[in-house]
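Note that the chains are named A, B, C, D and E in the order they appear, and that numbering of residues resets to 1 at the start of each chain.
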C-alpha cells in the first residue's frame, strides 16, 4: 500500500462531498492510502500569475510542504490541483520567490518544488494503472456514452500541469474506457465553462456552459463527467441542458461497487 | 575569501577554427557582449591544444584557460575533439589533484551556430574566474605583473 | 632581423567606432621588428590592398599583420595581396579586432586595449611564421548527389552535362521527391508531373548518371577531391536488373491495406508496390512490414506471377563502396508532424488536412482521381478554410522559429485552383502576413483575391471544432475589423511548417559539415558562398539548406552543380600547406601520432642517422604525407617528444601568442 | 637463484644464442647493485649479482642494447616485463635481439628503511624466515623483513611475466593490490590540503632528472625539457611553477604508457612520491575509460590515443570529490 | 503614456510583449471575446504602446476567465492572460478600487454555488 498526502480543498468539504468521499473510498479499494494533513488551508481557488506577488502563494506552499513526507501530494479538485501545480512549477524555477516564501513562512530551508503533485486521475493512470483499475470494476458502464469534460484548469498551462496533451487529452477517456463506458470526443471538452464569472455575469456563464453541453450532446453523449465543483455547478445550473453531470469519482465508486455502500 | 572587485582576470580561450572560432565570430556579428578579458587564440582543432600551452598560459599570467571545440560528433576532422575530451579530462583531473582551483579551466563545445552560447559561456567563465581571484597556485613569480 | 608591417583597418565605423585605430597602430609600431604601422579606412578595398602591397615592396617586409575583421572573412584576400607583392602568403597574420573586439565591446578604452593585445599576439606569431608552399592532391572525377528530389536531379543532370560521372543516392524506391507529389506549381500553374517526370527519365537515361534508389549513405571517409563513400543498398526483395515494372505483382498482391505514403496515407497500396506510375526506376519494392511471405513465409504470389523471376525474398542489404571528388547534399524537407497543434483537430478529424494532403486530394493520380472530395464522406466541400503559419514562426518548443517561405504561395495556388474548378466553393485564408517576394508572386496572390474572389482575412484561427453534422466550426479572429468570427466549414487546410529531413543530421555528422539549430545545413558564407558548406568539397542543393520553392531550389541546384563541376574540372587541387611534419631527429617512432591520425597520413620508415658521436644508427621515424594530412594537429599533442609540429600553428607560434596575451 | 641464472647465462653465451648478458653488477656493498652488461663467463662469475637489492628495472637499457650487434640476454622481473612489453608496443625495443629470461620478482629491500632503524656500518643482509639478519661493523642486528620492503614492491601489482623466452622459477599471478589507497586519500582532501601536500613535496625537487632518466616510459630521443626548440626547456627548477610544470608534463607524457613500475619514486633522492602522479592517471583511466594496464600486451590501444563517442565530459572532474 | 505603470505591468506579468507578432490567435481562441471591450491581442498591443489607461478603466479586466487558452495557443509564448492579470492587479491594487466587495456577495449566492466560486472571484477581483 502506497501512502500519499491528500489535499481535499474547501469545496470538497461542503458542496462537493461526492467528489471527496468517493475518491477516498475508491483509493482504499485500489490500494492507495490517502493521508490528510492537519489544519490545511484553502488554496485560494485561482493561481495568481503575477511574478511579484508572494502572499497568495503561501498556502499552496504549506500544502506542498506537507506532501514532502509521503510519495506525493494528491488533489482531486481541478482548481486546487491547478493552483498547487502552478505554484510548484514556478517556485522550482524562481529562486527569488522561493527565498521570499521561505522568509514569510519562517522555514529553515527554502522549499524549491521537491514534492510530486498528482491529480487523482494521474494517480489512477500512473500509480494504479488503468489496466488494474479495469480488473477491479464490478459494475461496468456498458454501452454508456460518456463525455469527459476537462475544462481549462486540468490541462492548462500545459508546461506547468504536464498532465496530458492540452489539445487532445486522453486521460479521462482512458478512465471512461477502464470503467467500461464509451468516451465521446467533442470539441468543447477543453474549453472554459465560465468559471467564477457566474458570480456576476450569469449570462456569460450560461453561454459558455451551454456551449459545452450542446457540443457533448450533439456528439451523442448520455452524461458528462468533471473533476471540478465549479464546472459541475455551471454545467448543471447555468447550461440550460438537463443531461446528467457527475463527478468522475461518482462513476468510479459506482463501477467499483462502492456506491450502494456509500449511500447506506 | 577576499573578492577584489577591481580584479580583471586574464583569460585565454583556445577556439577551434571550424566551430568555436566561427561561433565567436557569430556572437560578434550578433553584437553579443562578453568581457574584454577574454582573448581568443585560433587553433585548427581543439585537439591541437597541448597541455603545455595551458600551463604556459598560467605561467605567463593567465587566470583562466578555456578550450572550445566542435560538439562531439561534429568535429571537422571527424575525431579530434574526442581525443581532446580524454586529454583535457585527464589534465584537468591532474590539476585538481595538485590542488589547482577547478574553475580556472574549462572545456566547452560551441558550434558555429551557437554565437549566443559562446557569449554566455565567456560571461560565465569570466565571472567564475573573477570570483576565484588572481591565479596564485600555478603562476611563475618571475612573470608576475607588478 | 624581421621587418614586419602592421595594417589596422577602420572597416568604416565598424571597427573605428569602438576601437581607437590610430592608437592601435601607434602601439603596435613599438613592437619589436615592426617597421611600419598604418591605419586605413577599408584595408580590404583595392586601395587598401595596394597600401599593403606598396609597403611590402618599399620596406621589404618579412611579415604582415592585418588588424581587421575575422580571418574567416579576409585572410585569403590579404594573403593574395601579399603574394602579388612577392611575399609568401603564409607570412600574413590577421588580428580579429572586429568580430572579436569592436562588435562586442562598447567601451572604447578597454576595446582599444584589447585590440592592441590581439595585435601584439599576431605580431608575436608572425615573427615565427615561415614561408609555406602548398602541395597538390588529385581529384576523383566523379560526383555524389545525396537525395533524388528535384534538387538532386537537377544537380546530377548539370554535372553529367559537363561530362562527369554522377551517382544519385535516394532513400525512397523512386527518385522525384516532394515535387512528384505536387499537383500544380506556382506562379504558372503548370503541372508538376509534366515538368518533373521528363527530368526523371532524362536522369535515368543519361549514361553518366547512376541512380541508387532505396539506398542510404552509411559511411563517408576522405576529404575534398578524394572521398570514399559506402552506400547501403537496402533490400527491396526485387532484382532491379530483372524487374520490368509491369506491375502484375502489385495487382495480384493480396495484402492491399497498406497506407500509401505517396498519397499521404489517404488511400492504400499493396505490400509489393511501385510508388507511382512514372516512378524511376520503375521497379517494384516489397514492404517487409506487410508482406506475408516475408513475415510468416505464407503467400509467394508475387513470385509466382512474375514472368522474369525478379522476386527475391532472400535479398539482403548490400554495401557498395565508391570514390568521389565532390559531394552534393540534396536531402530536402518534410512537413512537420501536427500532433502538437490539436486545437486545429488534425489528429481526430479527417476533414482537417495538411496542404500536402490537399495536393494529393486534388491530383489526378491521387486517391479521388483529381476530384476534390472530403476524406470523411467523399462529399464535395462548399466552404474551405486555409490556416497559415501552423508551426512556422513559433517561439516555443512546439514549432519552428523560421518562416517556411513556401506556404503563402502554395496556399494562394490552392485557393485559386479550387475557386477555378469549383466556383460554388467559398475559400477563406487566414493569414498573419502574406509574403510574396518573387517574380510574379505578388501578382499571383492578387489574382487569387481580385479575380478568383478568395477571402483573405488577417488573423489566426484559434479553435477548430468538428461538429456532429459533419461541418466544422472554425473560430478565428479578423484583426482588421477586431472581430471574432465563426465559419461553418467543410474542410480545413493547415499550412504545416517544413523542416529538414530526419536523415540530414546523421549525414551531417558523417560529412563533418555544420548545421544550424534547426538542422538546416550551414552554408560557408550566408551571402557569398551560399551553395558550399564550410567543409571543402561538400555542396548544398535545395531545401536542405533552408526553406525554398521550386524555382529557387532549381537555381541553387544548378549553382551547386557549377561549384562541383569547378572542382571536378581540376586534375588536382592545391592542398592546405598548414600540415603536420615530423622532426626525424627527435622522433621516437613510437606510433602514437599514427594512432590518432584520422586520415592515415602518417607512415614509418627505418632511416639511418649519423649520431653526434659519429656512429650511425638505424631508427624508425614518422613521416607525414602532406597531400593526405588535413592539419588538425592531433598528432602534435600525442607526440611526447615534440617531434611532430604543425605548419602555421606551430608550438612556438601558439606559445608566442599565449605569451603576448598574458603579458 | 643467482647461481642458476649465472649457469644459464654461461650456457647461452657458450652456444652463441647471445653475445651479451644484461643483469646487475656487485658494488662495494651488498645493497649497492647496478645494472650492467656482461660479455664473458668470467665477468659473470666475478661480478653478476641477483639479490634482495637488485631492484633496478632493466627494460629501458634494452632500447639501446637491442640495437647493437647480436642478441642480448636479459633477466626480467615480472614488473620489468610490463615495461619491456610497453616498449615493444612502441617499437622501441627490437624483440629479435633480446632473449628474455623471466625471473621471480621481489619483494626487494630498501636500504634506506634499514638505515632508518638506526643500523649503520652494514656489511651483509640475510633473509632468514622473514627476519633480516644484518651483519654490521658493530655486530649482528635483526629486523622484520617486511619493515624493510621497498615502496615499489609493497604495492606490487603483478607477479606474472607478460613476456619471456624462458623462465627461471615459477610464474605468478596478477595481484589485487591496494596501490590506489594513497591517491584516494589525497582525492578526499580539500583542494587547499592537496595543494599544500604537493607544494610540500614538489618544492623539494632539485631537478636532478633521476626520475626521468630511470623511467622506462621516458625514452624520448630528445626530451622536451632538454630541447630549446620546445619552448619549455628548463635546466633547474628556478620557480615553484617549473617544479609543477616538469612533473605535470612528465606525468602527462607517460599517461596511458606508465606501467607503474615505481622506479621514479625509488630513485628520487628527495623521496618525493612521484609515482602518485602516475597512479592518479592510471586510476582515472581505469575508472573513466575502463581497466587498462600498460604493458600487459602489445596490441591494445593506449587510452590517450583512443576514444569512445560516449566518453564522459571533463566536467566529471568537477562533480566528484571535494573542491 | 505612463512609463512607470507600463514597466510595472511588464514586471508583474513577466511577459515580453514585444514578442507578439500580431497573429490574433489569442483573440481567436478567447471564450470571453463577445463580453470584452478590449480583446486579448489588444491588451498585449496597448501595453506595448503604453496605452494603459483605457484598459485600467475597462470592464474587460473582469471578463477574462483565466482559462489560459490564449497562453496555451500563442505561437510566440507571449501569454496574454498574464498581461490581463497584471493590468487587473494594477487596477484593483489601487485604493478603493476593489471590483467585488463582501456586501455584494449574499445577493449573488444560491444554494448550490460552491465556495470555490467565491474565493476565486475574490482572488481575481479584490485586493
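Keep in mind that, in the parts below, contacts are C-beta pairs under 8 Å (C-beta built on N, C-alpha and C of every residue); 3 or more make two chains touch, one makes a residue touch a chain.
Predicted, not measured: the structure shown is a model, and the values here were computed from it.
J.: Averaging each chain's C-alpha atoms to get its centre, pick out the one most distant from chain D.
T.: E
J.: Which chain pair is joined by more contacting C-beta pairs, C-D or A-E?
T.: A-E
J.: Rounded to the nearest whole Å, what is the centre-to-centre distance of chain B and chain E, using the mean of the C-alpha atoms as each centre?
T.: About 48 Å separates the centre of chain B from that of chain E.
J.: Could you please state the distance in Å, as a whole number, between where the Cα atoms of chain B are centred and where those of chain D are centred?
T.: It comes to 36 Å between the two C-alpha centres.
J.: Using Cα averages as centroids, what's the distance between chain B and chain C in whole Å?
T.: Taking the average C-alpha coordinate of chain B and of chain C, the gap between them is 30 Å.
J.: If I count partner chains per residue in chain E, which residues reach a count of at least 2?
T.: Within chain E, the residues that touch at least two other chains are 34, 69, 72.
J.: Please output the residue numbers of chain B that touch at least 2 other chains, ranges allowed.
T.: Residues 51-52, 56, 73, 79, 83, 87 of chain B touch two or more partner chains.
J.: Which parts of chain A, given as residue numbers and ranges, touch two or more other chains?
T.: Each of 167, 191 in chain A touches at least two other chains.
J.: Okay, what are all the chain pairs that touch?
T.: The list of touching pairs comes to A-C, A-E, B-C, B-D, C-D, C-E.
J.: Touching chain D in the complex: which residues of chain C?
T.: 585-592, 595-596, 604, 617-620, 638, 640-643, 651-652, 655
J.: Enumerate the contact residues on chain C facing chain E in the complex.
T.: For chain C paired with chain E, touching residues are 343, 389, 393-396, 398-399, 432, 458-463, 475-479, 482, 484.
J.: Could you list, by residue number, the parts of chain B that touch chain C in their complex?
T.: 10, 12, 18-19, 21-22, 24-25, 27-29, 31-34, 36, 39-45, 47-53, 56-57, 60-62, 73-80, 83, 87, 111-114, 119, 143
J.: Can you list the chain E residues touching chain A in their complex?
T.: Going by the criterion above, the answer is residues 11-14, 31-32, 34-35, 62-63, 65-69, 71-72, 79, 81-82, 85-86, 89, 100, 108, 110, 112-124.
J.: Show which residues of chain C lie in contact with chain B when the two form their complex.
T.: Within the complex, chain C contacts chain B at residues 70-72, 96, 98-101, 103-107, 110-111, 113-114, 117-118, 121, 508-509, 512, 514-517, 522, 534-535, 578, 596, 598, 630-634, 636-638, 646, 649, 651, 654-655, 657-659, 661-663.
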